[in-house]
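A, B, C and D are the chain letters, set down in written order, and residue numbers restart from 1 in every chain.
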């Protein structure tokens, strides 16, 4: 039986090339075409030698497919996607262009007027652990940002169960590939190597996603979140340390409360193929190249504060792997198809 | 005129060898001897080739000196220091053994009964920005831990001025040299390279130092602090991101409050040679090899939360450089002597 | 149909855990057991969290299997393998214990008298590109060392075709995982990070393998090889730069000779699934996690010298992947089974 | 007494900012001005925060000085230097523009016609270990390239004493800062991190320097050199492994020859403040931030080949430190002034 044809728009960025790596061996789909702007006309293996196994030439424009991934930057992505949707091609958009429900948020956070505000309501936020049924039937899935993917999962059980006050800090440490393949002094090897820094202290664009999705888990006012991203000198991986005060009376004190907390998290993620509530604090490297999100919840008993560590590979569960998980759901395939690889460690 | 003789106990650890690097060119003191346990009898340059300029043989036991640095681990350090003090040698102890005022804290946090509890009261916590006058006349200075050094400085102005509620989170990211030179799987290159992780979630030994010193800045109950250290794949540097809710009414709203905050920090550290309140978020690498602590305070206006970033080189302002700054004060020398080097960047 | 049972002796070293990563999803074999010394009794996922998907408990001793991999250090490996062979279990030995044909070489290079010198003749050196037919029927395959794997492949075409004088330099740069998981100051993060060094200048144990295998490609005296390994601060990957004087008159001059050289290499490796003669100088990262060896031959026209760059992932084509390639041949499976993954880049 | 005024042209590149770091505390000179192209008008500490101690504003044009350093790229450097020389300002040029004596070499290797070929003869190649007397009186010193600095020193004793055949291989491994501060995909963190590669296989611009300087040490035809540079994932440091066949009969065989070789090297560098013939293979990190070149000569007794390892910090002895050493000689100052710092290790 013919495999389902899919394509990648903008294969030359890190999300795009990671999609290609993961889609090529996928047993149920065929990577039919890839596009790139400056590299159009080159063989994929010329532009990206590690992909030489994939015999495709980079095209300037999308071709026919049942489903397309857009790995373009925001704004460009919406512009490229709209005609595809009109052609009936289903889309997983890895950009931010359809993640936020409030059109005005695009003016506030991304400095542009959204070209298709009516679609925002129809697009589904592509975090299967929260929106699995809607993803399956969606025409347009908005793949989560790399930071929100982990932070929302780390906090969702606590927020939904109401065990924390809506007063949250997310302190995230990201590898440098999260900043993309576009050149900048901030990603120049000698500047960022052996260096750690906080950035976007005035507010990062991934904050409204976190607020939107966590607010959707519980009635009441949206949570107040301070989100601070940091760059650390590694290529892949995000580790988010999340903090919030416990609401008194929800969990038992001491070690018993710790066990209740862990059980609450295990229950929330029961059956989830790609979220693992772990017994020891997780390490980003334990997810290198695979689609897992590892979560470790605990209570700081001295201050009655919830502390949750979440980690993932920003290019996989934080981008391309998540997108393929969404594709699997959209195509009615087993959710884990093509995503079973064990992390490459060390 | 003869230079003052000083010695280093346990030169072969990272704090010890960094002391040697900084003391060798110091114009007012003479590094008269260094000790080491397993390396005793070797020339310093054999055991540590980068120190080949220093013509000393590693001794098993301390020699005569006016002042000695102990770079031994806790417990061993107190044992080695007591006889020196009795001989009249002044001591800067880089271990934790005299940092805490409460003797019972050593049983709680370090698993040993303190051998000289009476000395705890007399020892001075060696953070000149808080205790300069007492350091000058001290016989025994307890050099701060690498994490507290930066975190206390980052929070001290806010705590003393009462602009934050005593409900603090310190999220620190440390280079691997902070874990010392003793071998462990956690510091094995292939395990920690390209990896980020949180550790000591049940409570890190540097927490009681932070509480003690910040509590001393203001009457009222001691602050509640959640301190979470992380390991990031670099050799040197600690960046601490500190969070606390602002007390309403202390600072103006909006941008005006930001300016008041920065002014409050600049005033607090006015004239301090090694603390710099910076205009842009600092980077650990900007302190590589030197004694600066860079501090960036700001307000998350969406949540009315204070966010302060502090960074330093854990082996310099977080250990050996700080110890020499203390020594300069103890010997009546200009505080910056021997510590003027610009960071080695990139 | 039941899959063939295989086992791993000493799963807790880097070669062992990489074998587990690659064998778990292998469609034709079942990883039936794994052994470890200090970790015996632990679940695999407790000792090595990234392997939590594999539901095995680490055993003290091997179990039943058709084929076993030994990832023990040399000497221990031979001791563990001999009884297995007697039981009729076929073995791929990742140690050096059966690589060299000359028993006395073990005394010279490894400081022990070989316990089964008669087996050396029967063991097959497991480089399929040179010994494919013999591997298929072997009871005992000696998997190549990580350095020789790439260096022999890089030089084999030139040696066999007689285009170079037998006067060779191999300058190799290895990631730190090649030094294994055993702790040492030389692999302590802070010592090896941001550092490059040459080691084993008096002669490295992988030299006699290179000499043996290259000598076997051509009559005449064995090649004189200077092999110098270097440690560079990365986890995975070996890049070997190989140099040898061209024999006059074998290749045309100038650009024509370059083309003849490349053609000679392409011909030699025609049909090889895991060796790729590339058009641009290869990078170790292009093989991260996969079984490829990338080779780039060229001529330094100023000095008439052959220069060949070869690179691979030391834990895959340099160890575990190579071993599975050998296993596939031994079991009559398609050679690439389970080894098709694209490199994880960046 | 007034200190000698010096200036830096193009302070914003890595060589330029390293000059500023080292000149600021220099006791005998005053850093009077710095220039930069795009950053002109900014305070030095705004453009380069780690240099905030230096209270200078970046200028568009040079000011008055007795001596100027040019850290411009080749071609631009010559253009900027010529007017300074006419004004009587002495110059240390860190670019390649005056290193080669043969004007036609600039067309061959650098693609431009040299604007002042007559000056090439007068300029002195700034390697004090070879040209100390001429540097002292030079008006224009051409600072060596980062690769040649170490490779020439590593080979000079062997070449001058005629113990090797003129058939040399230099295999160098460089940190990424050697590629400068200009953005490129090849220096983008995620591309070069965890990666090792060879480049410039068709010939690197630093080759003619090596040939010129080594040829000058001995009569006879110039040496045939294959020079192959590699990029390794660290910021600073170059390690060069040099190979050449020994001439029969010059050194004794076996261990005695090893001793003769080491003595020959020690004699050659006797009294040199910045070259150290070491007893153990050196590591780049042992020179981090300082002006040393560490050299380890040995004989591969199996092949009668000389192997010499040389290493240095490419931004110090390979650029800025070397330039200041030259300046000290030109100004009649003690050669080590301002360059005594011990390496920052680890």
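The rule is short, and it goes like this: contacts are C-beta pairs under 8 Å (C-beta built on N, C-alpha and C of every residue); 3 or more make two chains touch, one makes a residue touch a chain.
All of these numbers come straight from a predicted model, not from anything done at the bench.
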Relative to chain D, largest Cα-centroid distance belongs to chain A
Contact tally winner between A-D and A-B is A-B
Cα centre of chain A to Cα centre of chain B, whole Å, reads 38
Whole-angstrom distance, CA centroid of chain A to CA centroid of chain D, is 46
Chain A touches at least 2 other chains through residues 14, 175, 177, 190, 193-194, 233-236, 282-283, 285, 288, 346
Note: in the complex, chain D contacts chain A through residues 14, 175-177, 181, 183-185, 187-190, 192-194, 233-235
Residue set of chain A touching chain C in the complex reads 14, 17, 21, 24-25, 48-54, 177, 194, 235-236, 276, 278, 280, 282-283, 285-286, 288-289, 340-346
In the complex, the residues of chain A that touch chain B are 167, 169, 171, 173, 175, 190-191, 193-199, 201-203, 207, 224-226, 228, 230, 232-237, 239, 241, 243, 281-285, 288, 296, 298, 300, 302-303, 305, 307, 309, 311, 346
